[in-house]
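Shown below is the structure under consideration.
Naming follows writing order (A, B, C and D), and every chain is counted from residue 1.
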Amino acid sequence: MTHHVTTMLQTYPRDLGSIDQHKLAECIEACFECAQTCTACADACLAEDMVADLVTCIRKNLDCADVCAATGNVLSRQTGNNVETTRAALEACRTACKVCADECEQHAQMHEHCRVCAEACRRCEAACAELLAGLS
Amino acid sequence: MTHHVTTMLQTYPRDLGSIDQHKLAECIEACFECAQTCTACADACLAEDMVADLVTCIRKNLDCADVCAATGNVLSRQTGNNVETTRAALEACRTACKVCADECEQHAQMHEHCRVCAEACRRCEAACAELLAGLS
Amino acid sequence: MTHHVTTMLQTYPRDLGSIDQHKLAECIEACFECAQTCTACADACLAEDMVADLVTCIRKNLDCADVCAATGNVLSRQTGNNVETTRAALEACRTACKVCADECEQHAQMHEHCRVCAEACRRCEAACAELLAGLS
Amino acid sequence: MTHHVTTMLQTYPRDLGSIDQHKLAECIEACFECAQTCTACADACLAEDMVADLVTCIRKNLDCADVCAATGNVLSRQTGNNVETTRAALEACRTACKVCADECEQHAQMHEHCRVCAEACRRCEAACAELLAGLS
(Lines give C-alpha, C1' and ligand atoms only; values in the text may rest on other atoms or scores of the structure.)
Protein backbone atom coordinates (compact mmCIF):
# COMPACT_ATOMS: atom_id res chain seq x y z
CA MET A 1 0.00 0.00 0.00
CA THR A 2 2.93 2.42 0.60
CA HIS A 3 3.48 2.47 -3.13
CA HIS A 4 -0.09 3.66 -3.72
CA VAL A 5 0.07 6.25 -0.95
CA THR A 6 3.30 7.65 -2.41
CA THR A 7 1.88 7.69 -5.92
CA MET A 8 -1.12 9.71 -4.80
CA LEU A 9 1.09 12.20 -2.94
CA GLN A 10 3.09 12.65 -6.16
CA THR A 11 -0.07 13.47 -8.14
CA TYR A 12 -1.08 16.24 -5.72
CA PRO A 13 -1.51 19.38 -7.86
CA ARG A 14 -0.03 21.87 -5.41
CA ASP A 15 3.15 22.19 -3.38
CA LEU A 16 3.09 19.84 -0.39
CA GLY A 17 5.02 22.36 1.72
CA SER A 18 7.80 21.50 4.11
CA ILE A 19 6.43 18.16 5.29
CA ASP A 20 8.72 15.14 4.77
CA GLN A 21 6.84 13.22 2.06
CA HIS A 22 8.52 9.92 2.82
CA LYS A 23 7.60 10.10 6.51
CA LEU A 24 4.10 11.24 5.61
CA ALA A 25 3.59 8.25 3.30
CA GLU A 26 4.99 5.90 5.95
CA CYS A 27 2.63 7.29 8.57
CA ILE A 28 -0.49 7.14 6.36
CA GLU A 29 0.32 3.53 5.50
CA ALA A 30 1.00 2.67 9.16
CA CYS A 31 -2.33 4.20 10.25
CA PHE A 32 -4.40 2.15 7.79
CA GLU A 33 -2.43 -1.03 8.46
CA CYS A 34 -2.81 -0.58 12.22
CA ALA A 35 -6.55 0.12 11.87
CA GLN A 36 -7.06 -3.09 9.89
CA THR A 37 -4.85 -5.14 12.19
CA CYS A 38 -6.60 -3.90 15.34
CA THR A 39 -10.02 -4.68 13.83
CA ALA A 40 -8.80 -8.20 13.00
CA CYS A 41 -7.17 -8.64 16.43
CA ALA A 42 -10.39 -7.66 18.23
CA ASP A 43 -12.20 -10.26 16.15
CA ALA A 44 -9.58 -12.93 16.78
CA CYS A 45 -9.81 -12.22 20.52
CA LEU A 46 -13.59 -12.74 20.24
CA ALA A 47 -12.88 -16.15 18.69
CA GLU A 48 -10.71 -17.30 21.61
CA ASP A 49 -12.19 -19.68 24.20
CA MET A 50 -10.82 -17.35 26.88
CA VAL A 51 -12.57 -14.27 25.43
CA ALA A 52 -13.65 -13.24 28.94
CA ASP A 53 -9.98 -12.57 29.77
CA LEU A 54 -9.50 -10.45 26.66
CA VAL A 55 -12.25 -7.83 26.93
CA THR A 56 -9.83 -5.03 27.83
CA CYS A 57 -7.69 -5.99 24.85
CA ILE A 58 -10.74 -5.95 22.55
CA ARG A 59 -11.77 -2.53 23.81
CA LYS A 60 -8.30 -1.07 23.26
CA ASN A 61 -8.14 -2.68 19.80
CA LEU A 62 -11.45 -1.09 18.80
CA ASP A 63 -10.47 2.34 20.12
CA CYS A 64 -7.10 2.15 18.36
CA ALA A 65 -8.76 1.12 15.08
CA ASP A 66 -11.10 4.12 15.19
CA VAL A 67 -8.39 6.65 16.03
CA CYS A 68 -5.94 5.24 13.43
CA ALA A 69 -8.57 5.32 10.67
CA ALA A 70 -9.48 8.94 11.45
CA THR A 71 -5.81 9.94 11.58
CA GLY A 72 -5.05 8.16 8.30
CA ASN A 73 -7.83 10.19 6.68
CA VAL A 74 -6.66 13.51 8.14
CA LEU A 75 -3.10 12.80 6.95
CA SER A 76 -4.38 11.92 3.47
CA ARG A 77 -5.61 15.51 3.07
CA GLN A 78 -3.19 18.27 2.11
CA THR A 79 -5.54 21.05 0.99
CA GLY A 80 -5.94 24.01 3.31
CA ASN A 81 -3.82 24.66 6.33
CA ASN A 82 -4.89 22.33 9.13
CA VAL A 83 -1.66 21.79 11.06
CA GLU A 84 -3.37 22.12 14.44
CA THR A 85 -5.81 19.28 13.79
CA THR A 86 -3.12 17.17 12.13
CA ARG A 87 -0.90 17.52 15.20
CA ALA A 88 -3.76 16.77 17.60
CA ALA A 89 -4.81 13.70 15.61
CA LEU A 90 -1.22 12.42 15.50
CA GLU A 91 -0.89 12.83 19.26
CA ALA A 92 -4.13 10.95 19.87
CA CYS A 93 -3.04 8.23 17.45
CA ARG A 94 0.36 7.84 19.09
CA THR A 95 -1.35 7.44 22.47
CA ALA A 96 -3.98 4.99 21.23
CA CYS A 97 -1.26 2.88 19.56
CA LYS A 98 0.96 2.91 22.65
CA VAL A 99 -1.92 1.87 24.93
CA CYS A 100 -2.99 -0.93 22.57
CA ALA A 101 0.58 -2.17 22.08
CA ASP A 102 1.16 -2.25 25.85
CA GLU A 103 -1.96 -4.38 26.22
CA CYS A 104 -1.37 -6.71 23.26
CA GLU A 105 2.24 -7.34 24.32
CA GLN A 106 0.93 -8.88 27.55
CA HIS A 107 -0.83 -11.56 25.47
CA ALA A 108 1.78 -11.88 22.74
CA GLN A 109 3.23 -15.17 23.92
CA MET A 110 -0.17 -16.80 24.17
CA HIS A 111 -1.90 -15.24 21.15
CA GLU A 112 -0.06 -14.78 17.88
CA HIS A 113 -2.66 -12.21 16.69
CA CYS A 114 -1.79 -10.03 19.69
CA ARG A 115 1.91 -10.34 18.88
CA VAL A 116 1.37 -9.22 15.28
CA CYS A 117 -1.01 -6.47 16.39
CA ALA A 118 1.45 -5.11 18.95
CA GLU A 119 4.02 -4.81 16.16
CA ALA A 120 1.62 -2.87 13.94
CA CYS A 121 0.77 -0.57 16.86
CA ARG A 122 4.45 0.07 17.68
CA ARG A 123 5.18 0.81 14.03
CA CYS A 124 2.31 3.30 13.89
CA GLU A 125 3.24 4.85 17.23
CA ALA A 126 6.78 5.43 15.93
CA ALA A 127 5.56 6.79 12.57
CA CYS A 128 3.31 9.29 14.36
CA ALA A 129 6.16 10.37 16.63
CA GLU A 130 8.50 10.88 13.67
CA LEU A 131 5.96 12.89 11.72
CA LEU A 132 5.12 14.99 14.78
CA ALA A 133 8.80 15.76 15.32
CA GLY A 134 9.02 17.25 11.84
CA LEU A 135 5.81 19.30 11.89
CA SER A 136 6.49 23.02 11.88
CA MET B 1 -30.47 11.16 20.10
CA THR B 2 -29.41 12.16 23.66
CA HIS B 3 -32.32 10.10 24.95
CA HIS B 4 -30.99 6.98 23.20
CA VAL B 5 -27.41 7.59 24.31
CA THR B 6 -28.55 7.95 27.91
CA THR B 7 -30.73 4.84 27.69
CA MET B 8 -27.79 2.78 26.48
CA LEU B 9 -25.55 4.08 29.28
CA GLN B 10 -28.23 3.03 31.78
CA THR B 11 -28.27 -0.53 30.41
CA TYR B 12 -24.51 -0.96 30.84
CA PRO B 13 -24.09 -4.08 33.01
CA ARG B 14 -21.18 -2.84 35.13
CA ASP B 15 -20.42 0.23 37.23
CA LEU B 16 -19.61 3.22 35.02
CA GLY B 17 -17.09 4.52 37.56
CA SER B 18 -16.67 8.13 38.55
CA ILE B 19 -17.41 9.66 35.14
CA ASP B 20 -20.28 12.18 35.05
CA GLN B 21 -22.90 10.26 33.05
CA HIS B 22 -24.83 13.34 32.03
CA LYS B 23 -21.72 15.04 30.62
CA LEU B 24 -20.69 11.80 28.96
CA ALA B 25 -24.05 11.48 27.22
CA GLU B 26 -23.94 15.13 26.16
CA CYS B 27 -20.46 14.68 24.69
CA ILE B 28 -21.29 11.47 22.79
CA GLU B 29 -24.35 13.16 21.32
CA ALA B 30 -22.36 16.30 20.44
CA CYS B 31 -19.66 14.23 18.68
CA PHE B 32 -22.12 12.40 16.43
CA GLU B 33 -24.12 15.55 15.71
CA CYS B 34 -20.96 17.47 14.85
CA ALA B 35 -19.70 14.66 12.61
CA GLN B 36 -22.97 14.64 10.66
CA THR B 37 -23.15 18.44 10.47
CA CYS B 38 -19.55 18.76 9.23
CA THR B 39 -20.15 16.11 6.56
CA ALA B 40 -23.24 18.02 5.42
CA CYS B 41 -21.45 21.39 5.56
CA ALA B 42 -18.60 20.11 3.40
CA ASP B 43 -21.17 18.94 0.88
CA ALA B 44 -23.09 22.23 0.99
CA CYS B 45 -19.81 24.10 0.42
CA LEU B 46 -19.25 21.89 -2.63
CA ALA B 47 -22.66 22.97 -3.93
CA GLU B 48 -21.82 26.69 -3.70
CA ASP B 49 -20.91 28.58 -6.89
CA MET B 50 -17.91 29.98 -5.01
CA VAL B 51 -16.62 26.52 -4.03
CA ALA B 52 -13.09 27.57 -4.99
CA ASP B 53 -13.11 30.00 -2.04
CA LEU B 54 -14.27 27.30 0.36
CA VAL B 55 -11.69 24.54 -0.06
CA THR B 56 -10.04 25.24 3.29
CA CYS B 57 -13.45 25.11 4.95
CA ILE B 58 -14.25 21.79 3.24
CA ARG B 59 -10.95 20.33 4.35
CA LYS B 60 -11.49 21.37 7.97
CA ASN B 61 -15.06 20.05 7.85
CA LEU B 62 -13.89 16.65 6.63
CA ASP B 63 -11.11 16.42 9.23
CA CYS B 64 -13.50 17.43 12.00
CA ALA B 65 -16.08 14.87 10.87
CA ASP B 66 -13.50 12.06 11.01
CA VAL B 67 -12.14 13.01 14.43
CA CYS B 68 -15.62 13.53 15.93
CA ALA B 69 -16.86 10.15 14.66
CA ALA B 70 -13.84 8.36 16.10
CA THR B 71 -14.19 10.18 19.42
CA GLY B 72 -17.91 9.42 19.61
CA ASN B 73 -17.08 5.74 19.20
CA VAL B 74 -14.33 5.77 21.84
CA LEU B 75 -16.67 7.52 24.30
CA SER B 76 -19.40 4.96 23.59
CA ARG B 77 -17.17 2.24 25.04
CA GLN B 78 -16.91 1.77 28.80
CA THR B 79 -15.41 -1.72 29.07
CA GLY B 80 -11.77 -1.96 30.05
CA ASN B 81 -9.69 0.92 31.35
CA ASN B 82 -8.77 3.20 28.47
CA VAL B 83 -8.60 6.61 30.09
CA GLU B 84 -5.40 7.58 28.28
CA THR B 85 -6.89 7.06 24.82
CA THR B 86 -10.17 8.67 25.86
CA ARG B 87 -8.34 11.78 27.03
CA ALA B 88 -6.19 11.93 23.89
CA ALA B 89 -9.21 11.52 21.63
CA LEU B 90 -11.11 14.24 23.51
CA GLU B 91 -8.18 16.62 23.16
CA ALA B 92 -7.91 15.94 19.42
CA CYS B 93 -11.67 16.40 19.06
CA ARG B 94 -11.67 19.68 20.98
CA THR B 95 -8.92 20.98 18.68
CA ALA B 96 -10.56 19.78 15.45
CA CYS B 97 -13.86 21.39 16.52
CA LYS B 98 -12.20 24.68 17.48
CA VAL B 99 -10.31 24.88 14.18
CA CYS B 100 -13.44 24.08 12.15
CA ALA B 101 -15.60 26.52 14.12
CA ASP B 102 -13.03 29.31 13.65
CA GLU B 103 -13.13 28.69 9.90
CA CYS B 104 -16.91 28.30 9.55
CA GLU B 105 -17.55 31.46 11.57
CA GLN B 106 -15.72 33.45 8.90
CA HIS B 107 -18.37 32.35 6.38
CA ALA B 108 -21.34 32.37 8.72
CA GLN B 109 -22.89 35.57 7.45
CA MET B 110 -22.69 34.46 3.84
CA HIS B 111 -23.48 30.75 4.23
CA GLU B 112 -26.16 29.59 6.63
CA HIS B 113 -24.72 26.02 6.60
CA CYS B 114 -21.43 27.38 7.94
CA ARG B 115 -23.30 29.27 10.69
CA VAL B 116 -25.13 26.12 11.79
CA CYS B 117 -21.95 24.05 11.51
CA ALA B 118 -19.95 26.51 13.62
CA GLU B 119 -22.58 26.16 16.35
CA ALA B 120 -22.35 22.35 16.29
CA CYS B 121 -18.54 22.58 16.45
CA ARG B 122 -18.63 25.02 19.39
CA ARG B 123 -21.09 22.80 21.24
CA CYS B 124 -18.85 19.75 20.71
CA GLU B 125 -15.70 21.70 21.63
CA ALA B 126 -17.35 22.74 24.92
CA ALA B 127 -18.64 19.22 25.63
CA CYS B 128 -15.16 17.77 25.14
CA ALA B 129 -13.64 20.42 27.42
CA GLU B 130 -16.21 19.73 30.15
CA LEU B 131 -15.70 15.99 29.99
CA LEU B 132 -11.91 16.39 29.99
CA ALA B 133 -12.10 18.59 33.09
CA GLY B 134 -13.84 15.80 34.98
CA LEU B 135 -11.63 12.89 33.88
CA SER B 136 -9.64 11.46 36.74
CA MET C 1 -30.45 15.24 16.33
CA THR C 2 -33.29 15.13 13.73
CA HIS C 3 -33.69 18.86 14.23
CA HIS C 4 -30.05 19.47 13.30
CA VAL C 5 -30.18 17.14 10.31
CA THR C 6 -33.29 18.92 9.00
CA THR C 7 -31.72 22.34 9.58
CA MET C 8 -28.68 21.39 7.54
CA LEU C 9 -30.85 20.05 4.70
CA GLN C 10 -32.69 23.39 4.68
CA THR C 11 -29.42 25.31 4.29
CA TYR C 12 -28.38 23.31 1.23
CA PRO C 13 -27.72 25.89 -1.52
CA ARG C 14 -29.19 23.90 -4.43
CA ASP C 15 -32.42 22.11 -5.18
CA LEU C 16 -32.57 18.78 -3.32
CA GLY C 17 -34.48 17.18 -6.20
CA SER C 18 -37.39 14.82 -5.83
CA ILE C 19 -36.22 13.08 -2.65
CA ASP C 20 -38.63 13.21 0.30
CA GLN C 21 -36.75 15.52 2.69
CA HIS C 22 -38.61 14.34 5.76
CA LYS C 23 -37.83 10.68 5.06
CA LEU C 24 -34.24 11.58 4.22
CA ALA C 25 -33.78 13.38 7.55
CA GLU C 26 -35.39 10.48 9.41
CA CYS C 27 -33.07 8.00 7.72
CA ILE C 28 -29.89 10.01 8.33
CA GLU C 29 -30.83 10.35 12.01
CA ALA C 30 -31.70 6.64 12.25
CA CYS C 31 -28.33 5.64 10.72
CA PHE C 32 -26.27 7.67 13.20
CA GLU C 33 -28.40 6.61 16.16
CA CYS C 34 -28.13 2.96 15.16
CA ALA C 35 -24.37 3.22 14.66
CA GLN C 36 -23.93 4.68 18.16
CA THR C 37 -26.33 2.19 19.74
CA CYS C 38 -24.64 -0.81 18.09
CA THR C 39 -21.21 0.40 19.24
CA ALA C 40 -22.54 0.74 22.79
CA CYS C 41 -24.33 -2.64 22.62
CA ALA C 42 -21.15 -4.42 21.52
CA ASP C 43 -19.36 -2.84 24.47
CA ALA C 44 -22.14 -3.75 26.92
CA CYS C 45 -22.02 -7.36 25.62
CA LEU C 46 -18.26 -7.32 26.34
CA ALA C 47 -19.05 -6.29 29.91
CA GLU C 48 -21.40 -9.25 30.51
CA ASP C 49 -20.16 -12.24 32.51
CA MET C 50 -21.52 -14.46 29.75
CA VAL C 51 -19.57 -12.64 27.01
CA ALA C 52 -18.57 -16.00 25.50
CA ASP C 53 -22.23 -16.55 24.56
CA LEU C 54 -22.48 -13.13 22.92
CA VAL C 55 -19.63 -13.12 20.40
CA THR C 56 -21.97 -13.46 17.41
CA CYS C 57 -24.02 -10.56 18.73
CA ILE C 58 -20.89 -8.43 19.16
CA ARG C 59 -19.76 -9.21 15.65
CA LYS C 60 -23.13 -8.27 14.16
CA ASN C 61 -23.22 -5.10 16.26
CA LEU C 62 -19.80 -4.02 14.98
CA ASP C 63 -20.68 -4.76 11.35
CA CYS C 64 -23.97 -2.90 11.68
CA ALA C 65 -22.25 0.11 13.27
CA ASP C 66 -19.77 0.36 10.38
CA VAL C 67 -22.40 0.04 7.65
CA CYS C 68 -24.80 2.50 9.35
CA ALA C 69 -22.07 5.12 9.80
CA ALA C 70 -21.03 4.86 6.14
CA THR C 71 -24.65 5.04 4.98
CA GLY C 72 -25.36 8.05 7.21
CA ASN C 73 -22.42 9.83 5.57
CA VAL C 74 -23.50 8.94 2.02
CA LEU C 75 -27.04 10.18 2.75
CA SER C 76 -25.66 13.42 4.21
CA ARG C 77 -24.24 14.30 0.79
CA GLN C 78 -26.50 15.79 -1.88
CA THR C 79 -23.99 17.21 -4.36
CA GLY C 80 -23.54 15.35 -7.62
CA ASN C 81 -25.72 12.54 -8.84
CA ASN C 82 -24.89 9.39 -6.90
CA VAL C 83 -28.22 7.55 -6.81
CA GLU C 84 -26.63 4.18 -7.57
CA THR C 85 -24.30 4.28 -4.57
CA THR C 86 -27.02 5.73 -2.35
CA ARG C 87 -29.34 2.85 -3.25
CA ALA C 88 -26.62 0.23 -2.76
CA ALA C 89 -25.64 1.67 0.62
CA LEU C 90 -29.27 1.78 1.75
CA GLU C 91 -29.74 -1.86 0.74
CA ALA C 92 -26.60 -2.91 2.64
CA CYS C 93 -27.72 -0.89 5.66
CA ARG C 94 -31.20 -2.41 5.65
CA THR C 95 -29.65 -5.88 5.59
CA ALA C 96 -27.07 -5.16 8.31
CA CYS C 97 -29.82 -3.71 10.53
CA LYS C 98 -32.16 -6.66 9.94
CA VAL C 99 -29.43 -9.18 10.74
CA CYS C 100 -28.39 -7.34 13.90
CA ALA C 101 -31.98 -6.86 15.06
CA ASP C 102 -32.73 -10.58 14.53
CA GLU C 103 -29.73 -11.41 16.71
CA CYS C 104 -30.31 -8.82 19.44
CA GLU C 105 -33.97 -9.80 19.76
CA GLN C 106 -32.87 -13.27 20.82
CA HIS C 107 -31.15 -11.72 23.86
CA ALA C 108 -33.68 -8.94 24.50
CA GLN C 109 -35.32 -10.54 27.50
CA MET C 110 -32.00 -11.20 29.22
CA HIS C 111 -30.08 -8.06 28.19
CA GLU C 112 -31.77 -4.69 28.18
CA HIS C 113 -29.02 -3.24 25.93
CA CYS C 114 -29.90 -5.82 23.28
CA ARG C 115 -33.58 -4.90 23.57
CA VAL C 116 -32.84 -1.19 23.04
CA CYS C 117 -30.37 -1.98 20.25
CA ALA C 118 -32.88 -4.19 18.42
CA GLU C 119 -35.32 -1.28 18.44
CA ALA C 120 -32.74 1.11 16.97
CA CYS C 121 -31.90 -1.47 14.28
CA ARG C 122 -35.57 -2.00 13.38
CA ARG C 123 -36.14 1.74 13.18
CA CYS C 124 -33.14 2.13 10.86
CA GLU C 125 -34.14 -0.89 8.77
CA ALA C 126 -37.59 0.65 8.27
CA ALA C 127 -36.18 4.10 7.49
CA CYS C 128 -33.88 2.62 4.83
CA ALA C 129 -36.77 0.67 3.30
CA GLU C 130 -38.97 3.77 3.17
CA LEU C 131 -36.28 5.90 1.58
CA LEU C 132 -35.46 3.16 -0.94
CA ALA C 133 -39.12 2.90 -1.94
CA GLY C 134 -39.13 6.58 -2.87
CA LEU C 135 -35.82 6.69 -4.78
CA SER C 136 -36.35 7.33 -8.47
CA MET D 1 -0.33 -4.33 3.41
CA THR D 2 -1.47 -7.65 1.86
CA HIS D 3 1.28 -9.36 3.81
CA HIS D 4 -0.11 -8.03 7.10
CA VAL D 5 -3.70 -8.88 6.18
CA THR D 6 -2.67 -12.44 5.32
CA THR D 7 -0.63 -12.79 8.51
CA MET D 8 -3.62 -11.77 10.62
CA LEU D 9 -5.89 -14.24 8.80
CA GLN D 10 -3.37 -16.98 9.56
CA THR D 11 -3.44 -16.17 13.29
CA TYR D 12 -7.22 -16.50 13.49
CA PRO D 13 -7.87 -19.09 16.24
CA ARG D 14 -10.78 -20.87 14.57
CA ASP D 15 -11.49 -22.44 11.20
CA LEU D 16 -12.09 -19.75 8.55
CA GLY D 17 -14.62 -21.97 6.77
CA SER D 18 -14.96 -22.35 3.04
CA ILE D 19 -14.00 -18.79 2.08
CA ASP D 20 -11.02 -18.44 -0.28
CA GLN D 21 -8.42 -16.89 2.04
CA HIS D 22 -6.31 -15.50 -0.78
CA LYS D 23 -9.27 -13.72 -2.36
CA LEU D 24 -10.39 -12.51 1.06
CA ALA D 25 -6.97 -11.00 1.78
CA GLU D 26 -6.89 -9.38 -1.67
CA CYS D 27 -10.31 -7.85 -1.14
CA ILE D 28 -9.56 -6.51 2.36
CA GLU D 29 -6.38 -4.94 1.04
CA ALA D 30 -8.19 -3.50 -2.00
CA CYS D 31 -10.89 -1.95 0.21
CA PHE D 32 -8.43 -0.12 2.46
CA GLU D 33 -6.27 0.97 -0.45
CA CYS D 34 -9.30 2.26 -2.35
CA ALA D 35 -10.60 4.11 0.71
CA GLN D 36 -7.26 5.88 1.17
CA THR D 37 -6.90 6.63 -2.54
CA CYS D 38 -10.42 8.07 -2.82
CA THR D 39 -9.84 10.29 0.24
CA ALA D 40 -6.62 11.54 -1.35
CA CYS D 41 -8.27 11.99 -4.77
CA ALA D 42 -11.09 14.09 -3.29
CA ASP D 43 -8.46 16.27 -1.64
CA ALA D 44 -6.39 16.56 -4.82
CA CYS D 45 -9.57 17.58 -6.73
CA LEU D 46 -10.11 20.28 -4.09
CA ALA D 47 -6.60 21.55 -4.82
CA GLU D 48 -7.26 21.94 -8.56
CA ASP D 49 -7.98 25.42 -9.98
CA MET D 50 -10.96 23.91 -11.76
CA VAL D 51 -12.47 22.48 -8.54
CA ALA D 52 -15.91 23.75 -9.59
CA ASP D 53 -15.88 21.20 -12.43
CA LEU D 54 -14.94 18.36 -10.08
CA VAL D 55 -17.63 18.49 -7.39
CA THR D 56 -19.39 15.36 -8.66
CA CYS D 57 -16.05 13.55 -8.66
CA ILE D 58 -15.34 14.69 -5.10
CA ARG D 59 -18.75 13.53 -3.94
CA LYS D 60 -18.31 10.09 -5.50
CA ASN D 61 -14.80 9.83 -4.05
CA LEU D 62 -16.07 10.57 -0.54
CA ASP D 63 -18.96 8.11 -0.84
CA CYS D 64 -16.64 5.42 -2.17
CA ALA D 65 -14.14 6.01 0.64
CA ASP D 66 -16.85 5.58 3.29
CA VAL D 67 -18.30 2.41 1.76
CA CYS D 68 -14.85 0.85 1.16
CA ALA D 69 -13.72 1.52 4.74
CA ALA D 70 -16.89 -0.04 6.17
CA THR D 71 -16.58 -3.06 3.87
CA GLY D 72 -12.91 -3.53 4.74
CA ASN D 73 -13.89 -3.65 8.41
CA VAL D 74 -16.75 -6.12 7.85
CA LEU D 75 -14.43 -8.39 5.84
CA SER D 76 -11.77 -8.21 8.58
CA ARG D 77 -14.19 -9.95 10.97
CA GLN D 78 -14.61 -13.71 10.84
CA THR D 79 -16.29 -14.46 14.17
CA GLY D 80 -19.98 -15.32 14.10
CA ASN D 81 -21.96 -16.04 10.99
CA ASN D 82 -22.67 -12.80 9.15
CA VAL D 83 -22.74 -13.87 5.51
CA GLU D 84 -25.82 -11.78 4.73
CA THR D 85 -24.21 -8.51 5.83
CA THR D 86 -20.90 -9.45 4.21
CA ARG D 87 -22.64 -10.04 0.88
CA ALA D 88 -24.66 -6.82 1.14
CA ALA D 89 -21.57 -4.79 2.01
CA LEU D 90 -19.63 -6.33 -0.89
CA GLU D 91 -22.44 -5.47 -3.29
CA ALA D 92 -22.57 -1.88 -2.06
CA CYS D 93 -18.80 -1.63 -2.31
CA ARG D 94 -18.73 -3.02 -5.85
CA THR D 95 -21.31 -0.43 -6.88
CA ALA D 96 -19.60 2.50 -5.14
CA CYS D 97 -16.27 1.54 -6.75
CA LYS D 98 -17.82 1.17 -10.22
CA VAL D 99 -19.57 4.55 -9.98
CA CYS D 100 -16.40 6.28 -8.75
CA ALA D 101 -14.21 4.61 -11.39
CA ASP D 102 -16.63 5.61 -14.16
CA GLU D 103 -16.41 9.22 -12.96
CA CYS D 104 -12.64 9.33 -12.39
CA GLU D 105 -11.95 7.79 -15.79
CA GLN D 106 -13.56 10.82 -17.40
CA HIS D 107 -10.87 13.02 -15.84
CA ALA D 108 -8.00 10.56 -16.10
CA GLN D 109 -6.26 12.25 -19.00
CA MET D 110 -6.36 15.64 -17.35
CA HIS D 111 -5.76 14.65 -13.72
CA GLU D 112 -3.24 11.97 -12.83
CA HIS D 113 -4.83 11.52 -9.36
CA CYS D 114 -8.10 10.57 -11.05
CA ARG D 115 -6.27 8.06 -13.25
CA VAL D 116 -4.63 6.39 -10.25
CA CYS D 117 -7.88 6.51 -8.29
CA ALA D 118 -9.85 4.91 -11.13
CA GLU D 119 -7.36 2.03 -11.09
CA ALA D 120 -7.75 1.52 -7.34
CA CYS D 121 -11.54 1.57 -7.74
CA ARG D 122 -11.47 -0.97 -10.59
CA ARG D 123 -9.19 -3.25 -8.59
CA CYS D 124 -11.53 -3.08 -5.60
CA GLU D 125 -14.63 -3.55 -7.78
CA ALA D 126 -13.07 -6.70 -9.24
CA ALA D 127 -11.96 -8.02 -5.85
CA CYS D 128 -15.50 -7.58 -4.46
CA ALA D 129 -16.97 -9.36 -7.49
CA GLU D 130 -14.56 -12.28 -7.12
CA LEU D 131 -15.22 -12.66 -3.43
CA LEU D 132 -18.98 -12.43 -3.98
CA ALA D 133 -18.81 -15.17 -6.62
CA GLY D 134 -17.27 -17.55 -4.11
CA LEU D 135 -19.58 -16.81 -1.14
CA SER D 136 -21.75 -19.76 -0.28
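Here is the rule we go by: contacts are C-beta pairs under 8 Å (C-beta built on N, C-alpha and C of every residue); 3 or more make two chains touch, one makes a residue touch a chain.
As the structure is a computational prediction, the values presented were derived from the model and not from experiment.
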item: Chain-contact steps, minimal, separating chain C from chain A; value: 1
item: Chain located farthest away, centre of chain C as origin (C-alpha); value: A
item: Where chain A and chain D are represented by their mean Cα positions, the distance between them in whole Å; value: 19
item: Centre-to-centre distance between chain D and chain B (centres being mean Cα positions), rounded to whole Å; value: 27
item: Where chain B touches two or more other chains at once, by residue number; value: 43, 46-47, 55, 58-59, 62, 69, 73, 77, 79-80
item: Chain D-touching residues of chain B, taken from the complex the two chains share; value: 42-43, 46-47, 49, 51-52, 55, 58-59, 62
item: Contact footprint of chain B on chain A as seen in their complex; value: 55-60, 62-64, 66-67, 69-70, 73-74, 77, 79-82, 84-89, 91-92, 95-96, 98-100
item: Chain D contact footprint on chain A (complex, rising order); value: 1, 4-5, 7-9, 11-14, 28-29, 32-33, 35-37, 39-41, 43-44, 46-48, 65, 69, 72-73, 76-80, 111-113, 116-117, 120
